[in-house]
Amino acid sequence: MNMSTNEIGVVRRNVARADRAATDRLAGFGVATVHEAMGRVGLMKPYLRPIYPGAQACGTAVTVLLHPGDNWMMHVVAEQIREGDVVVAALSADCSDGFFGDLLATSFRARGARGLVIDAGVRDVRDLTAMGFPVWSKAVSARGTVKATLGSVNIPVICAGTLVNPGDVVLADDDGVVVVPAADAAKTADAAAAREANEADKRRRLAAGEIGLDLYKMREALEKAGLKYLD
Amino acid sequence: MNMSTNEIGVVRRNVARADRAATDRLAGFGVATVHEAMGRVGLMKPYLRPIYPGAQACGTAVTVLLHPGDNWMMHVVAEQIREGDVVVAALSADCSDGFFGDLLATSFRARGARGLVIDAGVRDVRDLTAMGFPVWSKAVSARGTVKATLGSVNIPVICAGTLVNPGDVVLADDDGVVVVPAADAAKTADAAAAREANEADKRRRLAAGEIGLDLYKMREALEKAGLKYLD
Amino acid sequence: MNMSTNEIGVVRRNVARADRAATDRLAGFGVATVHEAMGRVGLMKPYLRPIYPGAQACGTAVTVLLHPGDNWMMHVVAEQIREGDVVVAALSADCSDGFFGDLLATSFRARGARGLVIDAGVRDVRDLTAMGFPVWSKAVSARGTVKATLGSVNIPVICAGTLVNPGDVVLADDDGVVVVPAADAAKTADAAAAREANEADKRRRLAAGEIGLDLYKMREALEKAGLKYLD
Amino acid sequence: MNMSTNEIGVVRRNVARADRAATDRLAGFGVATVHEAMGRVGLMKPYLRPIYPGAQACGTAVTVLLHPGDNWMMHVVAEQIREGDVVVAALSADCSDGFFGDLLATSFRARGARGLVIDAGVRDVRDLTAMGFPVWSKAVSARGTVKATLGSVNIPVICAGTLVNPGDVVLADDDGVVVVPAADAAKTADAAAAREANEADKRRRLAAGEIGLDLYKMREALEKAGLKYLD
Amino acid sequence: MNMSTNEIGVVRRNVARADRAATDRLAGFGVATVHEAMGRVGLMKPYLRPIYPGAQACGTAVTVLLHPGDNWMMHVVAEQIREGDVVVAALSADCSDGFFGDLLATSFRARGARGLVIDAGVRDVRDLTAMGFPVWSKAVSARGTVKATLGSVNIPVICAGTLVNPGDVVLADDDGVVVVPAADAAKTADAAAAREANEADKRRRLAAGEIGLDLYKMREALEKAGLKYLD
Amino acid sequence: MNMSTNEIGVVRRNVARADRAATDRLAGFGVATVHEAMGRVGLMKPYLRPIYPGAQACGTAVTVLLHPGDNWMMHVVAEQIREGDVVVAALSADCSDGFFGDLLATSFRARGARGLVIDAGVRDVRDLTAMGFPVWSKAVSARGTVKATLGSVNIPVICAGTLVNPGDVVLADDDGVVVVPAADAAKTADAAAAREANEADKRRRLAAGEIGLDLYKMREALEKAGLKYLD
């Protein structure tokens, strides 16, 4: 694929999705774990928040570039959704209008979407919550949009400060949204699993009152850095 | 009425409220639906948020203009509340202090208020939630206020960017707050009903997998605008 | 104690905590009540929010000064926690990264901590909610931190705009966070109790429809200030 | 006039402007002085800033309501400008795009405009500065706009939190923007003049080292309020 | 080149720069003109501002990815600067610290840099202004940084919401910053020239009092859209 | 002194100022240099900005705690100013009103003040600029204030996130504001001088094209940290 984040008015139909099995394995981890497993990269900015507590989604990205106040392309992207996708909607400029509500959610779900990540606002949040359709947005706003200008579908987009290529894995939960490049899905799932395997034992020891200073053997490094204890 | 948003130190006692039946019909719709039915106008800015999920209120506006850090006029407006009103509190300058808590809510409710919309902060949110007294505010803050300077009651005010005349209908839910001019209440309720009548069929068709592109017949307009599909 | 908010690289082990009985009496009041009882001071800025509704904590402060993107000192402060403490984490510069998650919460709880107040971000909020470990933060973010630079423990810190000395009482609920100087704990609890004793009667009278204007005898002052009633 | 802030798609051609002589008298005062002379009301929010230091403008308002990302109506309002007007541009939702640049400024000036107040962004600020065309905006942004949707001209608008009726006096300088209702222009100029007459003597006495506490006779009130001096 | 925005710890030495002649032609246009000539894309977010009025820069991008509070890589990128470059500094998370001051500016200039675009803070702005070294930043802050963690040089970065590939043309002035993909430099310069050729005549006609409604032949479209004129 | 940041209604008359000679030596350095010389602490948050480019001030702090919308205490603090002081005004809650203008500046200057640092807004900025009276504020606003509630003078305050004790040295320039504890004035001036002595030689070498990587001998540490160079 050779598309820029600047292309306007194109819809790419055939997108290579990340491996399904690797994607589904990633669904079993938290965003924080996966972000650490990738070397502490790939997170969207924390102003994106789930519309209800406990929202969770993992799938392959179909992307859409929208213009402020115009949700026309949300209908175009609906047709490109396949089972297991998460829609990632980027904006060409800051906007908090409500680009998405219960009718679009009904359609997205019918097409197989597992959720929506949008760098703008959404509405009908009570209905979306009742449907259990997970959305991460930067605002909730009843303000409606027009259908007048072209954006693009399945081009690379920048959403909440992070580059998303169509087909990448998008994982989202209460802690935020992380993007795993399609090619890295399997190895990231492995790294996340390794990371988590470590945690059960640590949690048990910490719960028993052991101190991280000892568990992680930090005392020497702290002393070397010059930490002084006073009484 | 011939009052400006600038008048200080006046309380208007007799306010013509929007028609009660029309107001109550509006209560049956969502904020997004009513905002669209009005031609996409009348919304307050989306930084106003309900203090608990699922909050809903619809009533006729009694308005109050407050100064930063001073909630004296909240006691004055309490006396002007009638059954079915929603209090709309505007500020003469930005402030996030907690102007309202459970004692005022007890009083407002006893006077017949259905809720509060305030362009500032509130406190005692756990109690307000337990009471089921709905509030839309721009902040939650324990910071208290003094009772020292005069504002006004039942003058036109600008709340979260929107002009509210006393007697207008104020409708609020999870998606935000919309103001319907008193004279437009009935026709807006009609338009909202017409809009909603359309939606059940659409929802059914979208749920069955039909695409908005076909349902709304957008394909020709998109092609004319120059949309290109790539494989 | 003679430490400044600027000291870097020190850990004070022996901190005089506020009186336990007075601290526990304060736990019975809301933040708004205590803030008023102190003369309307001591509140942290309202951008600090609980990570789940209904969070409540009251304890003696152990403080930690962190640098952006670095949570090393969170492990150092863990060792200084005693039963009944609340950890107060300040930042040397603005940062919304996730400095704290379920492993640290497990450790803090095992050490006796009743909660965390942090002028930055936290993560694993679903787990923290499930654990019932209360946190007030300015952000939720999955973004992890490094362990590379020294801060300090149990020095005076400025958290969300408020000075906190180690050993002060920290009380937090849905309305925000208030700090009571250790020496004032008992008298503040007394003042809060006196304040609350008044409220039950007021609430009953307001619920019965009495107006605050009469209850608080405000009519004369309002008239003197020039308030005019119009019909 | 009987127009609401919600009307879309209308242009009112005949607007009663504030008295020219009174308007020009107001031009001789600062925004702070006029705002005080009105009883401390009428100011736009302080996020509106001049695009260059020393910008100053005073004139009668022609208003325009714009939609985000669309400056079509700026061309419509240009035709309604008369000698001595200031254009006041409000937005139906938050937007920082650059709605105005040197070509429109050339046109506005040719039509007699004395400046622009806009609740959005502008561009070509170097050219505008070179022209000496004063603008107060909430952003500078090179981002361009389309010409696709209707707004309105010469309806009441809310700009930066303040209601502006067409024909009102708009006064702007380094300190911000104040709106004087057309009917109040003359009496406000009188009040401003009275206020300023007082200031020369005060300035002289303060410059000589006299204290405001004595000049304004505040000592008694401060003592009564409980102020304590400690050594 | 096949690098992601996520790579940490790499420095690419050989970067294909945009054509020098095309880059220098672009230097003759304003940011707004070039952004329009590209089809209204490529702009960084408007929160980036020049540190002094009249700042102007155009060159080929050398990019650097920094971590909050750590400017170590600024020294690494200095070595990769060639005559005619503009340094583009992106951050892995939001930070307003002062990453750059007069010593680095001296070094950058000596290496041939024409300016700096940084999604963070800078300091020594009085010296930078005296030197005439142009910088676009999101903050001015005296707060210093450490030199402890690796970022990368000459990888694709996201700066103020826009993807920048090393070698792209970066043009910046009072209106903001625009990025022209290296491959598009010549054609964009052509389009900007064509656009500007049109403007002189328009400016002359507008200055003579002609209305944009006539000059751009908008009246019919406005009427068709439903615009109504009222007296 | 044993005062808290919470005391309301007190004025301390006798404040031990930092040594005059040390204070004046500090005036010769930039804020960035002094902040580094102190070990990278003591800075106020960067949202405080000078009202004109090139503003510079250094003096001993007289502090005042104000309430939102009320500048009464500005007149009280005026009397406590001595030759060589800088007034530091803190707010009990966020507010951007204009607390200070040309009359107060005239008085402050007559009393010997060298400038004002205020965590709120100021007005009359054109006059203040003409007077050359330097101010660092978080906003410019024409909005006036009342004189109704007591704050305090010469108590410890938190201004823009930093604790200031009366008598501390306050140094401010284009880069921001730094606070030097009175007891540290002399040694900080020494450290700043040492720091600056180093810079002339560095600047000369960097200007000659030497790279910081060599000048600061960073290459080995970078390699050890794992930095890889690619062609």
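Points worth noting:
The letters A, B, C, D, E and F name the chains in turn, as written, and every chain counts its residues from 1.
Here is the rule we use: a residue touches a chain if its C-beta (ideal position, glycine included) is under 8 Å from a C-beta of that chain, and two chains touch if they have at least 3 such contacts.
Computed from a prediction, not measured in an experiment: that's the story for all the values here.
Each step here moves to a touching chain, and the least such steps from chain A to chain F number 2. Common partners of chain D and chain F, by the touch rule above, are B, E. Note on D-F: across the candidates B-D, D-E or C-E, the interface recurring with over half of the contact pairs conserved by residue number is D-E. Each chain gets one centre point, the mean of its Cα atoms, and the points for chain B and chain C are 32 Å apart. Spacing of chain A relative to chain E, judged by their CA centroids, is 28 angstrom.
With centres taken as mean Cα positions, chain D sits 43 Å from chain A. Shown for chain C are the residues in touch with two or more other chains, namely 40, 94, 96, 143, 149. Pairwise chain contacts in this structure: A-B, A-C, A-D, A-E, B-C, B-D, B-F, C-E, C-F, D-E, D-F, E-F. Of all residues in chain E, those touching chain F in their complex are 9-14, 52, 72, 74-76, 78-79, 96, 98, 101-104, 106-107, 109-111, 121, 123-126, 129, 139-144, 147, 149-150.
Residues 67-69, 93-97, 143, 146, 148-149 of chain D are the ones touching chain A in the complex. For chain C in complex with chain F, the residues that touch the partner chain are 4-6, 8, 38-42, 45, 92, 94, 156, 158, 161-163, 181.
Chain E contributes residues 30-32, 35-36, 40, 43, 46, 49, 53-54, 173-176, 178, 199, 202-203, 206-213, 216, 218, 222, 225-231 to its touches with chain D in the complex.
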